[in-house]
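Okay, got some structures for you below.
Here come two complexes built around chain A, the first alongside chain B, the second alongside chain C.
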Partner chain A sequence: METSITRRRRHELIIGATLLAVLALLPLPIHDVYTRNLIIITVLFAGLAQAWNVLGGYCGQISLSHALYFGVGAYVSTLLLTRAGIPPTVGMFAGGALGGLMALLVGWPCFRLSGHYYAIATVVVGEIGYLLALNWDWIGGATGINIPYVRSVGDSWLWLQFRIDKLPYHYAALAFAAVAWLVAWLIEGSRWGFVWRAVKDDPVAARSLAVRIFPSKMAAAAISGALTGIGGAIYAQYVGYIDPDSVLYGQLSILIPLPAVLGGVGTLWGPLVGAAVLIPLSELTRSYLGGSGRGVDLMIYGALIILVALARPQGLASLIGVRVRAPAGADDAAAA
Partner chain B sequence: MTATIFAQVAVGGLLMGLIYALVAAGLSLIFGLMDVVNFAHGELLMLAMYATFVVWLATGLDPLLLLIPVAFALFALGVAIYHLLMARALSVRFNRGMVQIFVTFGLAILLRGFAQFTFGSDFKSVSSSLLANRTIDLGGVFVPTPQLAAGIVSLLAFGALLVISRTEFGRALEATREDRDAVALIGIDRDRIFALGWGLGAAAVGIAGVMLATFYYVTPNVGANFALIAYVTVALGGFGSLFGALVAGLLIGQVEALTALLIEPSLKQVGMFAIYLAVLMFRPRGLFGTL
Partner chain C sequence: MPPLLEVDNVSKSFGGVAANVNISFDVREGEILGLIGPNGAGKTSLFNAISGAVTPDAGEIRLNGRRISGLSPEQCALLGIARTFQVVRSFDSMTVLENVMVGAFSRLSRTRRAMARALETLAFTGLAARVDTPAHSLTPAEKRRLEVARALATEPRLLLLDEMLTGLTPVEAQSGVQLIRDVRARGVTVMMVEHVMEVLLPLVDRAVVLDLGRVLTIGAPQDVVQNPDVIRAYLGDRYAAA
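Entry: the complex of A and B
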């Protein structure tokens, strides 16, 4: 007899697949470049927020250095392309691998810190990465790197380059977001997911049950960082130009978790819902009100963040019926 | 490279370190009291700098005369932020830690937008004051008077904070920090203490802002960098420790100045961040932290 949990998980998979199909068709009737770009950025951020959610949501480590893993992914795939002629579809996995490695390198010293000491230390590590990249001429320094269109190849999926068409990038971003979602889904059902949530809810109690805290955090960091790195590589190919101020800047480390936190942290749908609401709102206010350079867009965006965080601390996804686990919830007990 | 250059750099680092320490003290006060990292701290500094600039531009009053009024204005702003936002953020039942981070981050974005809307995004600076464009010769080491005054004022403000922490109110603050639920039993109004804590923290950063405005340009984004340094200072000194903030501020000022001199000016912040991470490896709660 199937349990309610396996039934729920199958439902989630069905909803996920349906959503994927809808999102795959969504841009087809839309030809306006602005709207297509908006959708691509939204999908990309849904994936990035989900990637952050693996470490920040399920494992409860409020990491504020994800710009670093994003930037590492973007730089690695770009440098492999410009310096070694390796196609970005290969390079993005190298970028993901190094993004995950970087997350392990950051985690090794930082995971022994707790609470705000951890959050601040990750902010600082990210900032060091930004400053070093700014001063490292071999990777373009402050000037950044232009990603060339390889003429001999032309439009190509292998090289992830398309001169005019934006649609392929939509599918690249969508594939990325789908993988990130699937990883989160797998984590929710796996032993790791339960272990990580135990680490998040009560590390002392978890340790008394022989959960190894530090390796658990490191595993979550590696997966989270690797996914974020792949996202960075796709973003780099999409925009065609990277510099420290576009892929490594400090505020990005807050913008990546923002959809997850406001959508519903530690949930499957939260990052998606958060990105679907926040990214279009931020882009639209910027293009309609930000043009004057008067900061009205920032005021609205800031007020919106405050409002959502205070009015819906459990996340926007709770509005559409996603149940948010209370700390030390009954779900774990039922599943175990 | 002579001893004079070293002395010159060390004095510059010392004076900047005092400002860092004062900005960090405000942050540390708020953190120690209610376990909240204020991600809009830099924006409070920015507002204080703009307030100084605007009043100076409109009336010609010397920034030194504005120290007290701006400190009071920021105090009121701090109390208002507590009552309007933080009291609610502290009472949420879900992810309290993340809610407070993102509420103060939202506030930071909002205040930056407000500054851009009101003052524009170009660089402004207070170009004439009693202190401007003068240097004092301290036995071969030349010190610009604005920096010197800023250092002295920061020290005085630190002294004031230490005095306050010795008063009845200071003890109530300490008690609330130790056990925020138990203090209600001995007749301490926790809400009032929290609000005053925010007021004091904002006033400290207000004083730093006025002094900084006498020699540093103002833009809507000026706070971000100082806030980052303040987080590092507070974490290095230990969250909640005033003395720790002072020592860490001075240390960071020196490391910044020496990195710029000996290694590379554009890497001066990497030097201070590296020292911070190195210390944290051996003292995960900072130099003087107990929390």
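Entry: the complex of A and C
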């Protein structure tokens, strides 16, 4: 049965695979460390924004506590490495599991609130997590944790450590973003995706169609939190040092959703397009204007976000014709 | 065999305002039952009680002899009660097909099968040409049809239609009437709230008239409209005597 939905999904998969190939080759001709770092962070944030999109976009729950899940992933994999000698490639799945669990713990009370009240509650929860980590000496407190280079192992994929070469981190970030994208793609085509979008659009109507609201939100939160936790673990290995101010700070909870919001909430390509525009822009404004100390970089950054919100509330992805449906009565109907 | 639905002495008040007072009636398998009454008679409130959106303060609602009052809307939906809303509630970020698939997913877990069910339901409700249209760009009449399609995709035994024909042009209303007849022919029992009397009366098998939260009378539509109490409720005392 060929419908517009099945056809669209096949196209998405082809575009996704092509994009993956392009991104895999992209850093090869680039040897400048600054640019490579920029690409890695962009790809990582594309994945993180996609992870947020699962809960915030498809299920419509505007979570502002994703720094918490990111931080949990970073801390869990790092502590497993420094305290138990467990390689981060294993640790990141533990970090993801705990990130997902943390999202469930936050969701349990917070999903009883709706709309703005939910968002506000998540801000508070994120802040609590930050303050706890800041004062918890066993996990390094405000000093943070230095991630050691395990000399006996050397450069290793299993230990996700590379002394000089940044390229492997690019592939780690790319694998993460690809998985996040694939999860979103699978969700879009599954019962969950439909149910979650129904929850977002109209909970009353959704309930009349046998949709259970609370479990739906919890499932979305768990997947979103788990993906974010894995992203946090990869980030920790990449930067080699974590503290509450680098992986748990409140602003991160805004930086993670921002690419998705800018690119198009609840769309497959929005987080990618948003990250591709936003992260380089923020880096460039910071490196060219940030030194002035007058916050000009943030002004330009903020102005752009306002501009997009005003001119393209559906997100930047809609500019390049992503997810534009066939007009009414197109040939698909006849085929159906 | 008990009737499909039994409403047994149901009362519900909201902050001291009695919306339903000791309401009792049955819905028989395969009939089209009209629920009529002036504004504020408690029709939508009763719909909400039957579909699980609110729990009655007193009394009981039974589906096939099984108590359903107090169950959640999602449980009622699974037991076979589907509804449409007085103010349409389409999923506006989705296409017509996707809207109906949400309903189909209540019984089916595989996307392919849910899509097939949704397409079948859309063909039945006359929306086949609008499959890929975003729900928000439908006409009001089409949106009402979409709600019916979405509800039918849950494979209900009882369909509650809340003012599905209100606000439509006469032509649209007539095709809506035909749709309701088709739904009944499909084996789905229909209970409908409606204001448009001239459309409703030829359509329904029986009518329940509510006024000020109470049942005024129950009966065949032609008898109901001649009942002095009904005339008084709608038009005032002066006309009841005439």
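Please note the rule applied: the second predicted complex is superposed on the first by the 321 of 336 C-alpha atoms of A that agree within 3 Å, B and C clash if a C-alpha of one lies under 4 Å from a C-alpha of the other, contacts with A are read in each partner's own complex, and residues count from 1 in each chain.
FYI, contacts are C-beta pairs under 8 Å (C-beta built on N, C-alpha and C of every residue); 3 or more make two chains touch, one makes a residue touch a chain.
A quick note: this is a predicted structure, and the numbers were derived from the prediction, not measured.
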Which superposed partner A:Arg207 touches (first chain B, second chain C, both, neither): second
First (chain B), second (chain C), both or neither touched by A:Arg197: second
When both partners are placed on the shared chain, which of chain B and chain C touches more of chain A: B
Partner chain(s) touched by A:Ile305 [first = chain B, second = chain C, both, neither]: first
Which superposed partner A:Glu127 touches (first chain B, second chain C, both, neither): first
First (chain B), second (chain C), both or neither touched by A:Pro109: first
First, second, both or neither for A:Arg163, with chain B first and chain C second: neither
A:Arg151 touches, of chain B and chain C: first, second, both or neither? neither
Chain A residues contacted in one complex by chain B, in the other by chain C: 326
Chain A-facing residues of chain C, complex: 51, 53, 72-74, 77-78, 82-83, 85, 89-95, 97-98, 101-103, 105-106, 109-112, 114-116, 119, 128-134, 137, 150-151, 153-154
Residue ranges of chain B touching chain A (in the complex, touch as defined): 31, 35, 37, 85, 88-89, 92-99, 101-103, 105-117, 121, 220, 224, 228, 231-232, 234-235, 239, 264, 266-267, 269-270, 273-274, 276-277, 280-281, 284-286
Residue ranges of chain A in contact with chain B within the complex: 62, 109, 112-117, 119-121, 123-125, 127-128, 131-132, 134-135, 250, 254, 258, 261-262, 265, 293-307, 309-310, 313-315, 324, 326
Residues of chain A touching chain C in the complex: 1, 3-6, 189-191, 194-195, 197-198, 200-202, 204-212, 266, 325-330, 332-333, 336
